[in-house]
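Two complexes come next, and they have one chain in common, subunit A, joined by subunit B in the first and subunit C in the second.
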Partner chain A sequence: MKTPVWYQKLLRWTEGDSPVLPEPAAHREQTREPAAEESAYESGPGLLSASAGRVRNVLLRVITIASCAVFLLIMLATVAYLPRFGDADNAPENETSRRYIEQGMQEVGATNLVTNIILVYRGFDTYGESCVLFLGATAVIMLLAVDAKNTTEEDRRVLARSDALDRENRNQILGHITTILMPVILLYGLYILCNGHLSPGGGFAGGSILGGALILCENGYGVGKVHSFFGHRIYHVVKVGALILYAVLICYTIYVGANGLPNVIPLGKPGSILSAGIILPINVAVGLEVACTMYAFYTYFGRGDL
Partner chain B sequence: MDINAILQMLHANRFEAASVILFVVGLGGMLFNRSLFKKVVSMGFMDSAIFLFLTSAGYVEGRLAPIIADPAVTATMEVYSHPLPAGLVLTGIVVSVSFTAFGLALTQRLYKKYHSLNIDEIMMQAQKSED
Partner chain C sequence: MRLFYENYPFFCVFISLLCGILTTLIHDGKKARALTLAMLAVCAVLNGVVCFSTAARGVSFTYSMGAFPAPWGNELRSGPVEALLATVFCLVMGFSLLGGEADLKEDILPEKQNLYYIMMDLLAASLFALCFTNDMFTGYVFIEINTIAACSIVMAKDSGQTIVATIRYLMMSLVGSGVFLFGVSMLYTITGHLLMPSLFPAVTRLFRTGAYQYPLAVLAGMMCVGLAVKSALFPFHTWLPTAHGSATTASSAVLSGVVLKGYIILLIKVMCRVFTPEEIGSLGVGSVLLVLGACAMIYGSIWAVREPHAKRMIAYSSVAQVGYIYLGLGLCTTAGMAAAIFQIIAHAFTKPLLFVSTGGLIDASGHQKKLYYLRGAGRRCPMAGVGFTVGGLSMVGLPLLAGFVTKLVLGRAALAEGIPSWQMILSLTAIAISSLLNAWYYLPAILQIWKGGEAPAGPGGEAYVHGPYEACLSFRIAVVCMSVVVVLLGCFAQPLMELITRGVALL
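The block that comes next holds the complex of A and B.
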């Protein structure tokens, strides 16, 4: 039976030959050349004949499927013996949860108990998370930044051409809609950021929305608009400053808590916007950090620069 | 134990069962796809499976989300569901975002160097340039 073309294409696609990504013309001859060696490599080391290599490939595939199936069965059997879903007597029902729920608001001050946990009780852990985000953004910048070591002359030419194309064919509709939407998105992001201790949300969610607003600005107003008010200098100051603010606040809380000293930051009245002690400034710091990181991810993947 | 009882227990824990299946789908994707990009996407599947598992562990039938509605009333364990798994999911999401960005950045660099996403082809070219 003859296999249809779309099926062969699908097979090629699942094998990782991406027909979607065009190969750069300059390197096409180079990659086409070693076709003979390629097939020899795929059929295994030189000692094996082609058919033996194919048998080995099929065998590997069967072993992989079997191990996946066995793994799935073991996991499903484990799940069947877990405590029932939604049952009140589940494992998390212990004195830790009880303390967080019954005394969290009096001790820390936020009505959102999850925020209490992630920013104060487990604040050190969340600080580590912010550092992971910081390191992630730093690694992406190291790998993708346009500089003398990373890019060739051809890459620069391609980038300049796409920038020129973007400047010529500005999408007017997107620009006008961005003007209408931008205040609303910024307001929504700030609301979520500052209400983290009262409602679902907080630094991570609000910061993502603010980062999205920056990305929309870059797309709607064209390349370089965001760069005019959010350059490298401001980016580094905001990012490192937010992380240091977070570190200082969390160190203060840990020091005071560990030594039994009185906390001088007032907790305020639970439920009002200016309450919950250090949670609001920490949320703002985390939000700035996340917004910078999201925007950096977007722009370094796209253009290799801020 | 007969199969019916096991199926009933699986149905009682259907969210955990779904998360396990999703996890194995991700694992299979990691093992079978030669494309580095699809390996990163499969890793995202596995992350989502873990999040689903953690959130379903924190749910208690008939209780509210752990946000205190009225600060004047003393909060009790019997009103709100468990807040701790939700906090753990947040940790996981942030690490997963960072991992995805880092993995995709490495993939992009490899594509720029070897003009392929296929892991076999990249290994072959790297071996040849070593010789």
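The block that comes next holds the complex of A and C.
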């Protein structure tokens, strides 16, 4: 008597030679290249034929447009139900914002109420945001920093040649204008940084001006100029130092505040430059962090190195 | 005066953030690794203390982050469940890093190893913050950190495949964050709060008065969908198999064991502390989650059956297992929540165990990744084989293992009074079919790795396997510990379930 097929299959299955695990295609056709096999994983089992692929693409496009349209309609319909922007009796006009506005200056010490909120009242959130910047820069370094995997000898030669060309044919006009503008930009950036608790601005705004200054310097004076005073070591020390300073200040404030201990950092007189407790040093730290991150983004995207 | 242990959640978040920042200055991968492991051990102990103290007193506490109490300042909050989950996350991350050591050395260049550990440290910080947050916006900030760090650990291997996987993962993740942020801002517009304890009465009032019914339904849906995209609920799971299947072993283990769960915890908080589960159910969001969870359980398993690539098969199995969690949440009852949380813990140990031991099996088979070439790998590396067997059987649902308890408590939650019969039938059918399908792909795989005889020849026809494979010590420690935990979870589920049930009531 002939054993049924399913029984043979079951036997094979219990021996681990199951129909679930077919012999890979690459094993049968030994001529196939490993690269082709790798890409076969990408599109999943069963590669589509060309016409089926076209139909699938059209279908995907239709589905995408349709779902975007539905989402758009839902959002528009929802907006119609929301309260009008800026009405006096809207829900966000509650005790939370009242205290920020009425008591913020006395409690925290900065005349810039927004700074009070982001750096002290909700300081933990803002510390998280600075960590996002740090994390972004680290991720970019991880991906783009020149290493053996993402750069060939040829790439390095091309880069070195373009650097040499750049040095020979430096843009004189840009260089001179940079020389004139640089002190003004730096001064303006520092002003915004250090006056964050008194006027609009602060670490994020001032830091991006300083970062812009570094990028201008790199462009105006040619590759390698910024690197001569802002190399890897200094970059890391400034970045880490700023974040650690920020962390220590915010940790101290949180720990003292949560446990009801006296806070020894004086608030000073609102309106003077040395006031508002931890806000001034935090603004400086955030500014340095932002400047470093901006400059790192620029150089790593451009050359894969500082 | 505040009890001292109430500082520990805050300490954990900042210890891990500071370790990440300091690791920038450590250029030696080994030292960075030691620092990360030490940090995880310290945080596990601290969170464990919080868990036991709060469970013993039967309380939860809030911790104002600064001198200004919420709603003006930020706030953390912890009860037994939050601290328990944070402890589990520390342990799982530690075991995954230990178990994936050999692959990490091979996949990541020495000069970039410290960057990988920075990502791990910040990932830990964001997970703690997601566990302990009491504020929607703090939750959002740490979702951002979590997203970037999670994408980076996929990218770390730096092969063409991982870059494609990272791009896909990043895009989907950002859509998820964006949709969640829309939901949060709408919630703020109609209630004026971001803090969960203030949101709760405001939302209850809106439900009672019937004002803003439509925006409320939309924003609840958007928050759920945003978090569902990030935790790979069907049909938003398309990024998961490539991302988890192609990354280095430790990353795969951490991503599927821990990262997916962080978002689900925030979702549980939204469901319990902003809305009530009943309100979510009455908006219809619960039923949608339930149906999608059931689809995920079946669909993920079907794709796992069809998958010849070992790590991708396990990744598809994650899609199915996330479906179990959403099934529990979709029931919108306390028992369903407790079952979902148990599944979070069970899967957090089982899936990394599977990924780590598969990594070992692949290493023992000349780095061939298809199941076909893993024949007999369990004999070449018995420790990895045992780990894979325990993990696989737990997923199938063998009694005395963690996976069985999940199915049991989920089934019990579905059979409870007050669950509509269509939900009950759907849940039980999904559990039954999914268990069958799990058996269909895990049992052959287990038989395959223990099979004797000649090892198969490589793709080029060459014999690539050279005798038994010596796994390193940290790999063995990780596999033994995770296997033991999976067995313990299966044998002593009762006290844990009690702890979770009491904790859910305190949420």
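To be clear about the criterion, the second predicted complex is superposed on the first by the 245 of 306 C-alpha atoms of A that agree within 3 Å, B and C clash if a C-alpha of one lies under 4 Å from a C-alpha of the other, contacts with A are read in each partner's own complex, and residues count from 1 in each chain.
Everything that follows uses one rule, which is that contacts are C-beta pairs under 8 Å (C-beta built on N, C-alpha and C of every residue); 3 or more make two chains touch, one makes a residue touch a chain.
From a predicted model like this one, the values you see are computed outputs, not experimental measurements.
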(request) Check the residue A:K149 against both partner chains and state whether it touches subunit B (first), subunit C (second), both, or neither. (result) second
(request) Quick one: classify A:Y81 as touching subunit B (first), subunit C (second), both or neither. (result) both
(request) Give one of first, second, both or neither to describe whether A:V132 is in contact with subunit B, with subunit C, with both, or with none. (result) both
(message) Contact-wise, after the overlay, does A:T64 reach subunit B, subunit C, both or neither (first, second, both, neither)?
(response) first
(request) Figure out whether A:N259 sits in contact with subunit B (first) or subunit C (second), or with both, or with neither. (result) second
(request) Once the structures are superposed on A, label A:G271 by its partner contacts, choosing first (subunit B), second (subunit C), both or neither. (result) first
(message) On the A-aligned overlay, A:L72 touches which partner chain: subunit B = first, subunit C = second, or both, or neither?
(response) first
(message) Under the stated touch criterion, which partner chain does A:F297 make contact with: subunit B (first), subunit C (second), both, or neither?
(response) first
(request) In the overlay, answer first, second, both or neither for which of subunit B and subunit C A:Y100 touches. (result) both
(message) Give me the intersection of subunit A's contacts with subunit B and its contacts with subunit C, in residue numbers.
(response) 14-18, 21, 23-24, 27, 30, 34, 37-38, 41-42, 75, 77, 81-82, 90-93, 96, 100, 122, 125, 129, 132, 135-136, 139, 143
(message) For a test of understanding, state which residues of subunit A touch subunit B in their complex under the given definition.
(response) 14-18, 21, 23-24, 27, 30-31, 34, 37-38, 41-42, 61, 64-65, 68, 71-72, 75-77, 79-82, 84-88, 90-93, 96-98, 100-102, 104-105, 111-114, 116-118, 122, 125-126, 129-130, 132-133, 135-137, 139-140, 143-144, 155, 198-200, 204, 269-271, 297, 300-301
(message) Under the definition above, what is the set of subunit A residues touching subunit C in their complex?
(response) 13-18, 20-24, 26-27, 30, 32, 34, 37-38, 41-42, 45, 74-75, 77-78, 81-83, 90-96, 99-100, 107, 120-125, 127-129, 131-132, 134-136, 138-139, 141-143, 145, 147-150, 236-237, 239-240, 243-244, 247, 251, 253-260, 263
(request) Spell out the part of subunit B that touches subunit A in their complex, as residue ranges. (result) 6, 9-10, 12-17, 20-21, 23-24, 27-28, 31-38, 56-61, 63, 65-68, 71, 74-77, 80, 82-87, 90-91, 93-95, 97-99, 101-102, 104-106, 108-109, 111-112, 115-121, 124, 128
(message) Can you tell me which positions in subunit C touch subunit A when the two form their complex?
(response) 1-2, 7, 10, 14, 17-18, 20-22, 24-25, 63-68, 71-74, 109, 111-112, 115-116, 118-119, 122, 125, 129, 135, 137-138, 141-142, 144-145, 148-149, 151-152, 155-156, 158, 160-161, 164, 182, 186, 188-193, 202, 212, 214-215, 218-219, 242, 245-246, 305-309, 312, 370-373, 375, 440-441, 444-451, 456-457, 459-461
